[in-house]
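Each of the two complexes below includes subunit A, the first together with subunit B, the second together with subunit C.
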Partner chain A sequence: METSVGVGLGEIAVSQNCEEILVAFGLGSCVGIGAYDPVKGIAGLLHAVLPEPLNGSDLSSTKYVGNGIYKLFEEMISKGAVKERLIIRIAGGANMLTSPGLSKTFDIGTRNIAMALKVLENQRMKIVSQNVGGNTGRTFRIYVADGKMTIRMIGEKETVF
Partner chain B sequence: MAKILVVDDAEFLRVRISKMLVGDGYEVIEAENGLLALNAYKAEKPDVVLMDITMPEMDGLTALREILAVDSGAKVIMLTALGQESVVLEAIKSGAKDFIVKPFERDRVVGALQKLIG
Partner chain C sequence: MTELRSIFTDEFVNLLTKISKEGIENASKGFAGMLGKELTVKSSSAKLVKLLDIPKMLGGPEDETVAIYLKTEGGIAGQMMLVMPCEKAFGLVDMIMGEPIGTTTVLGKMEKSALQELGNITGTYFLNYVSDNTGRSVRPTPPAVMVDMCAAILDIVIATAGIENEEVLMFDAEFVQGDLCTEIQFWVIPDPQTILAYGAK
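On to the complex of A and B.
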């Protein structure tokens, strides 16, 4: 029987349990980074909130995209995943503020996506697919049994991406 | 000295991988498609097969299954391009031991071989 494992703001979950589904609910401006090693059957999901720390504070927190990605890979590798085998998909990074004059200033979503792309490129990791941007939240799921990753936008059906 | 069967329809890739592996002390046999790979496997009994996916005559996934039908203990590593994830997942389910995404680096190839051969 499948069990959903919620991955909250700033959290990472890594699993080899075929009955688990890792879920980041309601990704607004947050970005979800999903990774899967199909040989070892290890799935990982990061729910990052902000692109980078402000004022040098809280540097080790996984709520920041860069540090979160490093920690996600570190944890997956510690369980036996091989970094070069990871199938990576990203989702989220919506612009949730739609007021004129504010939306660009505080466009955390776009900045989160940009940071994720930059960090992954620096890590020489290729993104297989992405479902990002727009103005609507998403729920991101990873099925540990087979590495399938899905998105469900509000009011729409769950779709594989 | 471990024997590696390199299977890819692109000659330049076979040559590149062969040079890399011979330089590291491996014995290398080449095949340009899955059907020739199957025949080579039966004749040469390599320690590991590096198998491309998209090839004429017989593709890599089919060849993997045929080789495993001959030898259930065969060690096959798939060579894949980005975008072939669904085939890779199918190959892993069918019994491939690992996969390497092109363009690959020497350390990744050698590391994968060492894990299987020891």
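On to the complex of A and C.
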């Protein structure tokens, strides 16, 4: 029987249990980074909130995209995953506010995506697919059994991406 | 970085509680006036909230939710939001437009405009009280109406306040309207730097 494992704000989940589904519910400006090692059947999901810390912030927090990606890979590798084999998909980074005068102020979604792309490029990790941007929230799921990654938007069906 | 918690003396907490309680009472008058209905304010409070706990304060993360969101600018920067389940927003629109409850089933341009006006009036009534009692000039931005998953909407508050802080001060209350039989959350989250500057005096 499949069990959903919620991945909250700033959290990472790594699983090798093929009955589990890792889920980041309702990503708005947050960005989800999913990774899967098809040989070992290890899946990982990061729910990052902000692109980078400011001076004096907790640098070790996984709520930041850069540190979060580093920790995600570290945790997956510690369980036996091989970095070069990881299939990576990202979703989220919406601009939730479309009102004139507000949307520019809150461009955190775009900055989260840019940071994720930059960090993954620096780590020489290829992104297989992405479902990012726009003005709509998404729920991001990874099925540990086969590494399938899906998104669902409000009023829509779950789709593989 | 100065933690918000460090400036929370009993005296300061009492002041914040007074501002939140009376400011929210004033906001409820604006809200009720717009609806033309009686309104009760329930569980008004001022509290420190861990940012990452904010999503747990509302219903399911994928629940279809409507939020009316404003920022405040001037002497007191911050965020204000009215949050409610989608069907309750339909009811509010019906009341504003003088239609029987159940008439509105989608939020089109006109319906969103009605909700924006509700947010505008509620926020302005709150800010008027705060401005009168702190001597600081403060004004709201034009409101934005969002319809989306609850968690996605809350990302805005969390990302905006969380750039520099792990905790935020939140004034919150429930507006209970008899015909709707529901609670509508009213949140005010002053910018932490504003509170730190205010508390230091």
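Observations, loosely collected:
In the analysis below, the second predicted complex is superposed on the first by the 160 of 161 C-alpha atoms of A that agree within 3 Å, B and C clash if a C-alpha of one lies under 4 Å from a C-alpha of the other, contacts with A are read in each partner's own complex, and residues count from 1 in each chain.
FYI, a residue touches a chain if its C-beta (ideal position, glycine included) is under 8 Å from a C-beta of that chain, and two chains touch if they have at least 3 such contacts.
Just so it is clear, the structure is predicted and the values come from calculations on it, not from any experiment.
With both complexes brought onto subunit A, simultaneous placement of subunit B and subunit C is permitted, the two fitting side by side without a clash. In the superposition on chain A, A:V49 makes contact with subunit C only, while subunit B stays out of contact range. Look at A:K126: by the touch rule set out above, it reaches subunit B but stays clear of subunit C. Between subunit B and subunit C, more residues of subunit A are touched by C.
Applying the stated contact rule after C-alpha superposition, one finds that A:E84 touches subunit B and leaves subunit C untouched. Shared-chain residue A:M115: touches no atom of subunit B or subunit C.
Vertex at subunit A: the C-alpha centres of subunit B and subunit C lie 170° apart in angle, rounded to steps of 10.
By the touch criterion defined above, A:T136 reaches subunit C but does not reach subunit B.
In the superposition on chain A, contact of A:A13 is made with neither subunit B nor subunit C.
In the superposition on chain A, A:P38 makes contact with subunit B only, not with subunit C. Contact with neither subunit B nor subunit C is seen for A:I69 once the two complexes are overlaid on the shared chain. Of the two partner chains placed by the overlay, only subunit C lies in contact with A:G28; subunit B stays clear of it.
The overlay of the two complexes leaves subunit B and subunit C separated by a minimum Cα distance of 30 Å.
Comparing which residues of subunit A touch subunit B with which touch subunit C, the overlap is empty. Residues 38-39, 82, 84-85, 87, 126, 128, 146-147 of subunit A are the ones that touch subunit B when the two sit in their complex. Put simply, subunit C touches subunit A in their complex at residues 1, 51-52, 55, 60-62, 64, 69, 71, 141-156, 158-160, 162-164, 166. For subunit A in complex with subunit C, the residues that touch the partner chain are 6, 8-10, 25-30, 49-50, 54, 56-58, 63, 94, 96-102, 105-106, 108, 136-139, 152, 154-155. In the complex of the two chains, the subunit B residues touching subunit A come out as 82-83, 85, 88-89, 92, 97-101, 108.
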